[in-house]
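Following: one structure in structure tokens, then a few remarks.
Chain naming follows the written order as A, B, C, D and E, and within any one chain the residues start at number 1.
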């Protein structure tokens, strides 16, 4: 097989990866596809409660939302045929498809939609383990309903059996993405208290989990295999395949299993280092595109008391990193493209299968626009220049630069375990920075929960830290990560211009225009790149590899599971 | 004997309590909790997390948390997982425990079936070529890290020769009867072997020295003086005595096996307690960590008890009362 | 006297400990045990008494043991016999009891089992018969509650009791020859007395011969018809018990008798000790092996090993002092 | 030798009970009455022999007298010092004057120490000789005393035979110039010819250094040979104690009689009368009531089963604990 | 009567012992027996070679073992990189050489700390017995009821981080019961020996008894177990590295190198990456086990 797509020209992501190569024989009906999953799901097959990515692998096939997105992230109909905003953009009304049936044969109606969203606002929802309140907390009457003060959730209203209206407290540019959550059947869950939903068979057991998707969960062995069976009554047409089987396998052996036919498709998670080898295999198709997430090196700009994470006035400046030039010099000194590497030579930690990012927008996002943003090319010379200019010189001849006041400067670099490439990156950063005379103390890695707790809680020892964000497809708004008051603003970055731009970008008065937002985000991104609260490093490619006899797989930047009913074997 | 067993079981209680305290404090003192970590969705409002923490009792002082945990644990309720929303710890552990036990027992059987006959053979023909090969195997078996043996096993037997499956504990979920057993067994062969590698080596050597040592003992000399045939001397008199230390080792082996299972399960993606535990540690899923530790501690204790009982059965000199 | 039951001639048992060291544990030993008699073998620790008996029984492993010479039981040669054939004889025609009653019984089987298995093996009788026979044997060796004993394990018995069980095992198949290797050394005097009495009793009952190995001259005096004195792997004197104690000839025998404190005699101020120690079995001196400790030693003694000299019908001495008395060489 | 009769060791009502612990809590469920109410005196310069069957408490008694283990009850007075009343630190000093020779020559010498070190250790511990040279000199002297060559100094125990090791053990015991030596079956493990060497040596040394011995053995001939007086123990008690000649000529206690008659004699010219004992020594954890010997005694009568006889004087130099004689004695007195 | 105390030469010492066998202390004898064991010699030679490599790692290594070279990742063998490079472009050969230093050091110091902790506690338990023994033994039971690796993982997660010092600490913390038990057993059995009674009877102090009588006689079991322990530590290190709980990169340890073989790709394509560290572990553990066996035979001479 060949690489179908090279990352450079993928743009918004290409579709129909599987169709590009002419299969040798004609299509056949039926059959099973073995998919690889590297960690077992947690077996909570309920869209409103699941937390693990791996459960989503199954739910994405068995359940559907009102709307979906195309390759450009534009919203397209799914369970809803059409939608409308009212004049002031505070109400969103969906017209639902009338031909949709649940796996158990019941009709899908507006009641299901209302039920799903009402459940999210239920007073017991959070204590039962639910975390998706961001889908409903912008709706009218959320507070009243979720606190139990009101029996009626005003935010969502059934107009008729196939029409529902969502009512927002204020106009929201994210309205569509906030209503795109997969729907659960009311007739199944109506009698179950929300608090118990995560525990009941209907959220867990094969045969009892009911969705509207092209496949239904037929049976599984926990931690080993999950078999999905074709939903012959699927409104989009009966699937070609009989079954889809997710197999839980170790990442280390997946490539081998693909080669000897035990697996048919390794979606998304082919190790970049394995890609070249797989690429050479006969009869295997490879597709790659940058992930929506990115890895970065954070600069702890402020430390602060733990109890006031969102009150910048209480924070304390981290003197070591306060100087913007220093941060910029670091950005010049760190050979990020070396990490990503060159696909031709196959070098770098990613073997060239990824891209270097400057601003924290994924390549696939419409907010991504590298052409207008000035980033940092790898240039140790430039770095040294900037450092000299800013007064960072080696005053005492110990081989390392001191700060402009002549004090010793040692930057502590903290990183977590759990991501192989990132773990490998840490010593390289140290090596790169020491090459320009900056002394980095490499802290031994912690486990992820410990690392993130310490990074978040303003541990004063931390200067540099490694982390990554994986973003969702819904909306590119980075406020929750970089607004000064956002708890996830791990660098504790305070910048008025940034805060302002972020607000402007979602200002409902203008923000329904994507161009307006694009402009704002470019402006924000340039400011971000200049100020450098974090240095984004790379966005790794997600790499798919499958048996080339399998056709009909459509890979979007955020999913490959949209049109599973079209998957088909060829002779 | 019954009284002894009951007394021993009662003795477990303080041990288990102590053990649970130790693990609880160790686990909870570790920084981070089930709600911190990397895979957090930045869209989740912090208040939600705080509310979850409060609901899970994570904000209580640690001794209160322990008290709450222990109060439920004594009624057999190990609580709900913090990471696997809505799943009880017993439920999570249940299926895994079965797999791990299956694997451990299988491995134990392989170990015994291989090591004892070879050990006997070696002792009968000491310093023969077969004996030297067995010794060499034993030394290598002890020297090779078991995850590495596992990888080599996969490389050779799964990918090279295609004989054995490399992953999981079963080939399909809906198997029944013989197919089920067959598939289970087939999936246990590689992990079972690698898991038992070191023990096989140890038992083999043990058996050999023990048999050789017994050969010169007074009562074996008596048996020979009685004119009993070689077979009777070997298989009745010698073997029976040589097995006594092996039997005691067996019970103690249990804990070791479960421990080795962590690595082996990881490589073979065998859904057992080991992998669950590793995951729970990195997710800070305290109730699960506690549950697994509790169960393993009890298994180990029961293993020890079993060893002692078997010991008494095998060796009439040992009497408990 | 009467016809020989066991004839041992030129028995040599050497152990190849390693390439440079050979232990000559038994070095050219000849003797015979007649039907119905008790022959005692005495000698210091390490003189080769046990190895002699084990060689007769074929219980040594070779290697390391290298056995040469001839051992005939009722005229049948035992050396070189296959294990299978030997097993027909051991425990059946000849049997043995050992020094350490505490460890000579298999701890994991019941007393009954261990007695019965000999019966089943050699007498080809059923389990049930074997059990009855076992009980009978236990009663014979003086156990009142034999029926219960059958189900007991060795550790439940004292040393004396175990030795009695050993005797029951040894006598189970009515052997012609009983070899007893220091059967009472580990026991207290009062218990020793019981065991010795028991041996005399079973000997009479079964009309067997006994080869009694001991280092206690008192036991010899009480039990033996004839005595063989061993020193450093060799027979140094052979005599009837009466002759030996009344008229010892070999300087070693003399020394041995004199160095014993005796309970019946009047008090001696000092004992006559034999100086020195028994030479180690892997480096015997040339010449007479006793010469380094012998008060009569001459150059002749250290030059050449003296032969065992037959001084009359029943006596033989390995000492140059008795050259003249020798009947034949 | 014994006419002076100055007591060196006085033992009064000495008891040693080893607790038998069982169960989880290691609760005490009983006692092994290893030594049960034993009294005797050892006079300066004499040898007191102790005989008895295995397990009768001989070693335990010896160890208590040396305060290697503490007595459960009773008094030991050594050289007018009461053991119960002196401090542990004092005991260590006392050890200079009393020493022990052990039964197993293979186990009683630390295999990792050379003979020189072994012999010098007591000197070092008690700081009797401060100079290294002096200690070495003393060690040579000791070696010579026990008839070992000087070369032995730098050798290790494993290079010696049993008899030689026993000599080393004796030399070690002698190194602090003690007055009193307890031999706990010092010749039991040795061959006859070697045993006589060691016995001779011990006798020689006793004369030379005016030593007092407590000589434990189970071989009655040996005890007879070396002792002045002999005590016979049975199940933790002394059943008879008498001057040697009296005891062997005219043993009173049925146990002593049986014991002596059970010794096989090398004299083939006479056949002695045997007093056969049936049965085994009962367990000291569960001794018979009354006279401990009654289960095996040929003269047992009802009183023996309930009342325990005490040691009473039976004429010059002989004491016996037996109802056969207490009644007689009582009767005699009454007359 | 006096002159009768004749000192006749009634003892002939070790009649004509060949000179070479003269006056060797038991320790020397053990050493001698040890060196007669061929496998043990092989073990010693391997270990000596390894230690030489470890000491002269700086000289032998061709590259900086921690220096990543992103342009040359997972290279096969070449003149420049004798054993190729690893996933970060570090020189495998140099890592192997430095790995010897670090892995041996880890093994040795983990063993040492375990032996010190376990040895001391075991000795105390065995010497004093009674409640001290009870307490210490309950403590060992407590630790031993947790499966070892799980215990290590839990401890590591509290300590947050893993580095060489912590590794050594954790090993001591989790492994000492094994040594303690052995030593306690040894001490208990020595306690019953007559020579201890003898030492007390001549008035030795507790301290002297421990120092001169217990320890020298416990040396055998200690050394044997320590040796085995060291082998175990090296294996454990590799196991922990494999599940990502070992010494973090870029520190070169054999375990770290071996865990590169986690993926079948490396296993298949780059044997020069995993075979040398794998063989080194095998060889060293084998050598240590040979030595351990040799020591065991040498120390418990039944002859």
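The rule we apply is simple: a residue touches a chain if its C-beta (ideal position, glycine included) is under 8 Å from a C-beta of that chain, and two chains touch if they have at least 3 such contacts.
Composition by chain, UniProt nomenclature: B, E = ABC transporter permease; C = ABC transporter ATP-binding protein; D = Dipeptide ABC transporter ATP-binding protein.
Everything numeric here is computed off the predicted structure, so don't read it as measured data.
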| said: Using the touch definition from the top, what's the fewest steps needed to get from chain A to chain C? | reply: 2
| Which two chains are joined by the greatest number of C-beta pairs in contact? | A-B
| query | How many Å are there between the centre of chain B and the centre of chain C, using C-alpha atoms for each centre? | reply | 53
| query | When the centre of a chain is set as the mean of its C-alpha atoms, what distance in Å lies between chain D and chain E? | reply | 47
| note | Distance between the CA centroids of chain A and chain D (whole Å) is 89
| request: Please list all residues of chain E that touch 2 or more other chains. | output: 8-11, 157, 160, 262, 264, 268
| note | For chain C, residue numbers touching 2 or more other chains are 273, 275, 277
| Considering chain D alone, which of its residues make contact with at least two other chains? | 163-164, 197
| query | In the complex formed with chain E, which residues of chain D make contact? | reply | 63, 66, 68, 91-93, 95-96, 99-100, 102-104, 107-114, 121-122, 125-126, 144, 147-149, 151-152, 154-156, 158-160, 163-164, 167, 169, 172, 175-176, 197, 204, 207-208
| Residue ranges of chain B touching chain A (in the complex, touch as defined) | 30-34, 36-46, 48-49, 51-52, 55, 83-88, 95-96, 151, 154, 158-159, 162, 166-170, 172-174, 266-269, 271, 275, 279, 281-284
| remark: Within the complex, chain E is touched by chain A residues 251-253, 255-256, 271, 273-274, 277, 335, 338-339, 341, 345-349, 351, 417-418, 423-424, 427-428, 431, 443-447, 450
| field | Touch list for chain B against partner chain C, complex | value | 215-230, 232, 236-237, 240-241, 244, 314-317
| said: Show me the residue ranges of chain B that touch chain E in the complex, using the header's touch definition. | reply: 15, 18-19, 22-23, 26-27, 29-31, 139-140, 142-148, 151-152, 154-155, 159, 255-256, 258-260, 262-263, 266, 274, 277-278, 281-282, 289, 292-293, 296-297, 300-301
